[in-house]
Amino acid sequence: MTDLSVLLGPISALVLAPLIPGIINRTKAVVAGRTGQSLLQLYADLLRLFRKGAVYSRTTSWVFKAGPVAGLSCMAVSLAMLPLGGVPGAMAFTGDLIVMVYLMGLSRFFTAAAAMDTGSAFEGMGASREVQFSVLAEPALLVGLAAVALAAGPAGLFDAGPVVNGFRSLSEIYHQLTLSVWANDGAILLLAAAALFIVALTENCRIPVDDPNTHLELTMIHEVMVLDHSGPDFGMILYAAALKLWFFLALLSGLLIPVRSENLWINGISTIIGIFFLAVGVGLVESVMARLRLLRIPQLLAGALSLSALALVLVLWG
Amino acid sequence: MGILFWGSLAIILAGGMASLALGRFSPWAGRVGSIGVFVGCLMGLAPAMDVIVTGAVMSWSMEWRMPYGSLSCRIDALSAFFLIPIFLVSGVSALYGSRYLKIHETTKNLGASWFFYSILVVSMALVVVARNGVLFLVVWEIMSLASFFLVTFEHEKESVRQAGWIYLTATHLGTFFLLVLFVVLAREAGSMDFDRFEAMRFHSAAIAGPAFIFAVIGFGTKAGFIPFHVWLPEAHPAAPSHVSALMSGVMIKTGIYGLVRTLTFLSPPQIWWGWLLVGVGLTSGVIGVLFALAQHDLKRLLAYHSVENIGIIALGLGLGLIGTATHQPVLACLGFGGGLLHVLNHALFKGLLFLGAGSVLHATGTREMDRLGGLINRMPWTSATFAAGSVAICGLPPLNGFISEFLIYVGAYHAMGRPDVSIPSAGVIVGLAMIGTLAVACFTKVLGVVFLGEPRTEAAAKAHESDWAMRIPMIALALGCVAVAAAAPWIVGLMSPIVSGVAGIPAQAVKTHLRIIQGPLESVTWMALLLVFGIAILAMLRKRLLAGRPVDRAGTWDCGYAMPSARMQYTSSSYAKPLIHLFDGILQTKTSYDAPVDLFPARAGLHTHTEDVFRRRIYEPLFHAVDRFRSSLRWMQEGRVQVYILYIAVTLVVLLIGGL
Amino acid sequence: MKIVIEALIVLLILTNLKLIASSRLSACIRVVAVQGVLLGLMPLIAGQEALTLRIAALSGLTMLLKGVVFPWLLLKTLRSANVRREIEPFVGYAASLMIGAGLLFLAIWMSRQLPMPFAVTSPLIMPLAFFTMMIGLFAVISRRKAITQVLGYLVMENGIYAFGLVFAQHEPLLVELGILLDAFMAVFVMGITIFHINREFDHIDADRLSALKG
Amino acid sequence: MIFLLIGVPVLAGIIAFFIRPGWMPRFLLLAVAVTHAGLTAGVWMVEPAPVLDGWLLLDAPGQLFLSITSLLFLMVSIYAVGYLAREDWGSRQDFKEGLLFTNARESVFVCCLLLFLGTMTLVTVSQHFGLLWVAVEATTLVSAPLIYFHRHVRSLEATWKYIMICSVGIALALLGNFFLAVAATFKGQEHIPLLVKNLMDNAPALHAPWLKSAFIFMLVGYGTKMGLAPLHTWLPDAHSESPSLVSALLSGALLNCAFLAVLRIYQVCAAAGMDSYGRSLLVGFGLFSMLIAAAFIVRQIDFKRMLAYSSVEHMGILSLGVGLGAGGVYGAMLHAVNHSLTKAMLFLAAGNIIAVYKSKSTREISGVFSVLPMTGVLWVGGFLAITGSPPFGLFVSELLILKAALDQGRWGVAMAYLALLSVIFIGMAAIFCRMAQGRSSGPPATGLTPRGLKTTLFNEPLLSVLPPLALGALTLVLGLYIPEGLHRVLELAAAAVEGF
C-alpha cells in the first residue's frame, strides 16, 4: 500500500474539510427555502481571520494561547492515522484508534483549559458541558469501533497465535470491511454506525446536542468556549472543528461504503463522496430536529453507548 | 553492587538518626535528615538499575533467632522495579521537604519527623526485598507506623489526629489479613521463607483461593482498593505534602508489590481471580475518579485520584491473570506489563502533583480550590509542572500515563475476540475510557480553578513562587514523565524479566510477546514528536501572522455585563456539577442551599459536600454495631463485691454441672 | 461412735442454718465460734486411724483459732464499728433458709457425683463439708455488712477445712499449719480493713462501696 | 540457693518494718532487689539444688517466672526510690473530689514490697500443691496493704474487693487441693505426695472424677487471682487505685504467679490424659476474657483501668495459647515474658503522667508528647508494644499463638482472636493517640508540676524514666531477637507444661 494514495486521506482532509460546514448550512438553507451562504463561506472566514490581529484578555496566560494550537495539531496528527475507507492511513499501527481517541481527549483538555483561563463564567460553563458529554461519548466510540473490528475480522484472528494476527490497526480493520462482511453481519455494522453517528453529532456540537448558530451564550457548548479567541487563534479553532467533523464523517462513510477495490483511488474517492452525502444527512437532521434539553443529552449518549454495546454482544454471540 | 544497596540504606538511616539526635528546634536537623535521605536514595538507585539492566539477581541470607524467621533478602527484577520509584520519589521529596518544613523549624521537632521519614524509606526498601514472611511483616508494620507518625506531624489539629487514627486502624486491620495469609501459606510450606513458598507453587484451590482473597484484602487495604480505601482521602490531606507525595506515590504501591509477589507463590491462577481484580479495578477506578471530581479540597482530590490509578493498575493485573489462566500469553504480558508500568508512571506524576499541591498550600495557606485561582501568573513553575502532571495523570499522549493505559487497552482489544474473556475486556475498555474522560474533566477543573482565571481571594493574589529547593523536585519528576514516555519501547523491553516472573512465562517468550507492542509504541513516540512539532510550527505561524498586526489586551468578554468580578468565575463545584448530577446515585452529594431572600438579599449560599459513601454506609454502621454490643456488656462491672463473688460461684457451679 | 458423729454433723448443719437465719451480728459470730469448736472435735472422732499426737495438736489448734481467736478479733472489730444487726440483707431470712435447704440438696447431689475412692466413717460428712462451704459463699454474696462477709468467708473455709481434716489426713503438718496461718492472717487483714472502712465511711456496708465501676 | 531467694526478701522485709522512714528503707529495698536479681542470674548459671526433699525446686516454668518477677522487681524498686523520695508524706488534696488523704508509713510500704517479693518467689519455686496454695494466698495478704498505700476511700474500697474476691477464690483453690489429695489416695492408705513430679509420674493412677473437679476448683480459684473473666472483677479496681509501681508488680508479676499455679494443675491433668478437657476450658476462658477486656477497654475513661483490662486481655491470650497446645504453649510462655515487661513499662509511664497531670482521666489528658517527651515516647511505644505491633516482642508471641490456632485448623478461634485483638487495638489507639498527641491540656489546678516543667528533652527525673525505658528496650529486643538461653528455657517450660 505504499504509494501516493496514502497521502490522499490527509491532503483531502486538509483541503476539503472546510467545505463540510458549507454543505451542511446549504442543505439547511435549502430545506428552509433560503438561498443560504456560499459553500465556500468557511474558507473565506478562515482567510479573513488569519489576516486579522488579535485581542487577548488580561486574565489569560500561555494556556489560553496554547488551546487553539494544541487543538489543531492534535486533529492534524490524528488525520495521519485515519483510513479513508479502503485507503490506509498514512501512519497505521496497532492500536492507532486509541491514540486518535486520546488525541481528541488532549485537544479537549487544552480547549477546556483555555476556556477556564479567561475566567469567564460562560466559558467555564461551556467547558464543563464539553467534558461532561465526552464521558459517555468516548466509550461509545471505542466500543463501537471494537464491534466493527470484531465484525471485520473473524474472531479466529484474535487467538494469540502468530504475532501479526493480534489486534490490528484501524486501517487494517477498515480494509477488511468488504461487501461480504456487510452481507454477513450488516446489522452489527449498522448499529455501530448509528452509535458513531450520534457520537459524531455530539463531538462536533451539532443539533440535537448543540446548535452551532445559536447566539445565546447560556445555551451554547462549544461556541461559548471560544468566545474570547480572536484572529488567527479563532481561525485555527474553526479549522480544527472542521477537521474534526471531517474525521468523524470519514470514519462513518468508510464504515458505510464498502468499496474495497484493488484500486485505492476508487476507494478513496468513493469514501469522500460518501462524506459529502453524510454532510447532507447531517444538514437534514439539523433542519428537522430541534435541540435537546441539556439534561436529556446524557440519555442520548447512553443510548449511543448501549447501541455499540449491543453491536458488540451481537458480534460475540450473534 | 550489594554493598551499594546496604550502604544507601545505612546512609539514609544515619541521616535520620543524626537528625533525631540534633533534635527539636535545631535548623540542622532538617538539613542533615533531608541530605542523608537524598544522598542515600541516589546511591540506592544504582543497584536497582543494575539488576534491571543486567538481570543479575542479588540475594543475602542469614540465620535469625526468631521463630520461623530468617534474615533473607533478595533483589530480583520485580523488587528492583519497585525499588526505583521508591528511591526516586523519596529522594526528590526529601529535597522538597527540607524547604517545605522550614516554617515549622521553631515550633516542631523536625528531628523526629526526619527520623520517621528515613525509617519509612528504609522500611519500604526492605519490604520489597524481604524474602521471609516474618521479616516482611515486621518491616511492613514498621513502614505503616513510620508513615502514621509522619501523617500526624501536625497533631495539634483535631482533624489530623482523626485522620491518623483512621489510617492506623485501617493499616492494622489490613495487616491482620496478611498475618493469616502468611500463616496459612507457612502451614503448607513448613517455613515462612518466600523461597519455600515459591517452591511450593500452591496448586490446590483450597489453599490458593483463600490465600488470594486474603492477599487482595490485606494488600488492597494498603494499596487503596475500594472499599478498603477509606484511609487514603483522610491521611493524604493530613500529611505534609512531601510525605503525601511519598505515601501516595510509592508507599501504597508496596500493596501492589505484595499482591504481585503473592501471585508468584500461587499458581496457576484461576480465572475468577482475574475477574475479581478487573471488578475491583473498575470499581476503584470509576468511583475513585468520581469522588475526586466531587472534592473541593485539592489534596483530598489527589488522594481519590490515587484510588483511581490503583484501580487502573488492578485492571492491568486482572487482565494479566485472565491471560495466564486462559493461556493467552500475549494478553498476560500486555496486562501485567501495563499494570506494572503504571505503577512507575503513577509514582512519577502523583508525586509531582502532590508536590505541586504542596507548594500551592505553602504559598497560599489553603487547600480549598474555590479560594484560589490565577496562580499561573504568580507561580509559573509550579503551574507548568502541575499542568504536565495533569496531562500525564489523565493518560493523555504525549506523556507517560498514556503508555501504560495503551498497553492495557491493546491487551483488552486483543482478547476481545475470545468469547470467554470478552466481557472483562469490554469492561476494561469502557472503564478505561470513562476513567480517562472523567480524569480530564477533573483536572481541567483543578487546572482551571486553581491556576487559571483570576485569584478569588487575597491569599491567592499574594501567592509567590516557591524557591528552587521545592521547584527542582517538581521539574525533575515532570522530566521523568516525559522521559518514560519517550523511552517507552525500550522500557517495555526491559520489563520482560519482571513480567515473566509474575506471569510464569519464560522470559524469552515474554520478549517476543512484548515485541507486538514495541512497534506500536515506537509509532506512538513518533506521533508524540509529530504533535510537539506541529504545535511548535503552528505557534510560530501564529507569531508570524500576528507580526505587525494590532495585538492588544482587554478584559474578558463577559457578554455585556458591566462589572465582572473574580467571584463570578466558574468554581470547582459549578464546574463539576453536571457530572456530579449525572452520577448522583453513587456520590450522594449533600447540598445545602440558603436561597437569596427579598429584593436586596444580604447573603445567599450553596454548599455541596460529598463524604465517602463507603465510610458512611459500611464502616460507620459496623463500628456503631460493635460499640452498641460493647456497651451492652458494661453492666458486668457494676461495683458491688457481692455480685462479683456471685460471678465466681456461678462460674463454679456451671463448670461443675458441665464437668461432672 | 457413729451416733456421735451423726450428732456432730447435725449440729454443724444447724449452726449453718442459724448463721443465715439470724440478723444480730454478735449472734452470728458466736455461731461461727461454736462451729469452729465442733470442727475441732471432728478429726478426733471421725478420723479412721487411731488418735495421734498430730491429730490432737491439729484439732487443738483449730479449736483455739476458729473457736476463740477469730471470734475475739471479729467481736473487737464489731465493737469498734458500732453496728448491731444486719439490716435488710439482699436475701431475706426466710428466703435464705429455703435457699439453704436447696443448697443442702445440691451438696448431696455433688457428693453423689464424687464417690469416695475409699471407705469413710459416715456418708454424711462430705455433704456436710460442701454444704458448709456453700452456706459460707451464700453468706458472702447475700449479706450487706462487711463483717457478715468475713463470717461467710470463715464458714466457707471451715467447710473446706472440715473436708481436708476428714479425708485428706495425709497432708503434712506444715501445710495444715500454713493453711491455718493464712486463714488467721486473712481474718486479721480483713478485720483491719473493716476498721479502716468504718473510719473512712462510718458504715461497714460492703454494698455501698461501689464507687469503682465500668 | 532457693532458701536465699526466699529468705533474703522476707528477712529484709521484717527488718524494714522496724527501721524509721528516710533513705534507709529505700536503700534496703534497692539492695535486696539487686541481690535477688543477682541470685536469679546465678540460677541461670547453675542449676539450684532441690531442697526439702523436692518440695522446693526450680523447674523451667518456675525459672522463667522467677526471672520475670525478679527483673520487674529490680526495675520497680529503682523507680520506687525516686517515687518515694518525691512523695510528700503529709496529708494532701485528692485531685478528684478534693478529699484529704495521707500515705501509709513508708517502712510499712517497703516491708510489704519485700514480703511480696518473697512470697512470689515462694510461688515460683514450690512444687507441692499445698505449699503453692499457701504461697499464693500469702501474696494476696501482703499485697493488700500495698494497694491501700494511699489512705484514700477509693483505694480502700479497691483493697476490700481485692481481699474478699481473691480470698474466696483462693479458698476454692484450697478445696481443689483437698480434692487432689483425695484423687491421689487409693483404697487403703498409701498415697501419692502432692508434688508435681510425683503426681505426674503416676498420673494414670489418679482418680479421674476427683482430679477433674480438683482442676475445676483450682482453675476457678487461681483463675480469680490470675484475672480470667468473669473472675477478673477485682483487677481493674486494684490496679487503678494502687500506686503505679504496685500496679506494675501486680500486673507484671503477680498475675503470672497465679498463671503458674494454673499451669501446675494443668500439667497434672495433661499427664493424666485429661488435656483435651482442660484445653477446652482454657480456650473458653481465654476468648471470654479477651471479649470482656475489649468491651471495657474501648472508650475507657480511666487509663489505669484501661491498662488493667488490657492485663485481663493478655491473661486471656496466655490461657488461650496454653489451651491451643503445640506451638501455642511456647507462644504463651514468650507472651508471658513480653506482657510483663511491656505492661510494667506502661504502668510506670502512667505513673509519670499522673505525677504531672494529677489526673487519670483519658478525657482530660492530652499533649503528653509536648509536656513529657520521654514519657510520651514510652507511652506511645508501650501502646504499640502492648497491641502486638512489630517490632515489639508481643507481635511474635501473638503470631505464634495465631499460628497454633490455624495449624490446627481452628478457624473460628483464630478469627475470634483476631477480631477481638483488632477491636482492642482500635479502642486503645483512640485513647493513646488523643492522650499523647495534641496540645497540652495544661495544668488542671496548679502549674503542670510542683516544679513547673519546661518542655525540653530531659526534663524528667531520670529514676522515673530509665526503668520503663529499659523494659521497653527489652521488649524491643525480644521482638527482633530471642537469646539462645531464653529460647531453651521457653522450650523446656513448654515441654513441661505439655506434660512430656
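As written, the chain order gives the labels A, B, C and D, with residue 1 at the start of each chain.
Quick note on the criterion: contacts are C-beta pairs under 8 Å (C-beta built on N, C-alpha and C of every residue); 3 or more make two chains touch, one makes a residue touch a chain.
Predicted, not measured: the structure shown is a model, and the values here were computed from it.
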| item | value |
| --- | --- |
| Partner chains shared by chain B and chain C (touch criterion as defined above) | D |
| Rounded Å distance between chain B and chain D, as computed from the means of their C-alpha atoms | 44 |
| Cα-centroid distance, chain A relative to chain D, in whole angstrom | 78 |
| Geometric centre distance via CA averages, chain C-chain A, whole Å | 100 |
| Separation of chain C from chain D, taking each centre as the mean of its C-alpha atoms, in whole Å | 31 |
| Chain C residues counted as touching two or more neighbouring chains | 113-114, 137, 140, 149, 206, 209-212, 214 |
| Touching two or more other chains - residues of chain D | 160-161, 164, 168, 209, 213, 236, 296 |
| Residue list for chain B, restricted to those that touch at least two other chains | 634, 637, 641, 645, 656, 660 |
| All chain pairs that touch each other | A-B, B-C, B-D, C-D |
| Residue ranges of chain B in contact with chain A within the complex | 328-331, 373-374, 376-377, 387, 390-391, 394-397, 402, 406, 409-410, 413-419, 422, 426, 429-430, 433-434, 436-438, 440-441, 443-445, 447-449, 452-454, 512-513, 515-517, 519-520, 523-524, 526-527, 530-531, 534-535, 537-539, 541-542, 545-546, 549-559, 564, 566, 568-570, 574-579, 582 |
| Touching residues (chain side chain D, partner chain C) in the complex | 128, 130-131, 133-134, 137-138, 141, 144-145, 148, 151, 153-154, 156-161, 163-164, 167-168, 171, 174-175, 177-179, 181-183, 185-188, 191, 193-194, 207, 209-210, 213, 236-237, 240-241, 296, 300-301, 305 |
| Chain B-touching residues of chain D, taken from the complex the two chains share | 160-161, 164-165, 168-169, 172, 209, 212-213, 216-217, 219-220, 224, 230-231, 233-234, 236, 277, 281, 291-292, 294-296, 298-299, 327, 330, 369, 384, 387, 389-391, 395-396, 399-400, 402-403, 406-407, 414, 418, 421-423, 425-426, 429-430, 433-434, 437-439, 457, 479-484, 487 |
| Touch list for chain B against partner chain D, complex | 23-24, 64-68, 134, 137-138, 140-142, 145, 152, 155-156, 158, 161, 164-165, 168-169, 172-173, 176, 179-180, 183-184, 186-187, 626-627, 629-631, 633-634, 636-637, 641, 644-645, 647-648, 651-652, 655-656, 659-660 |
| List of chain C residues in touch with chain B within their complex | 90, 110, 113-114, 137, 140-144, 149, 206-207, 209-214 |
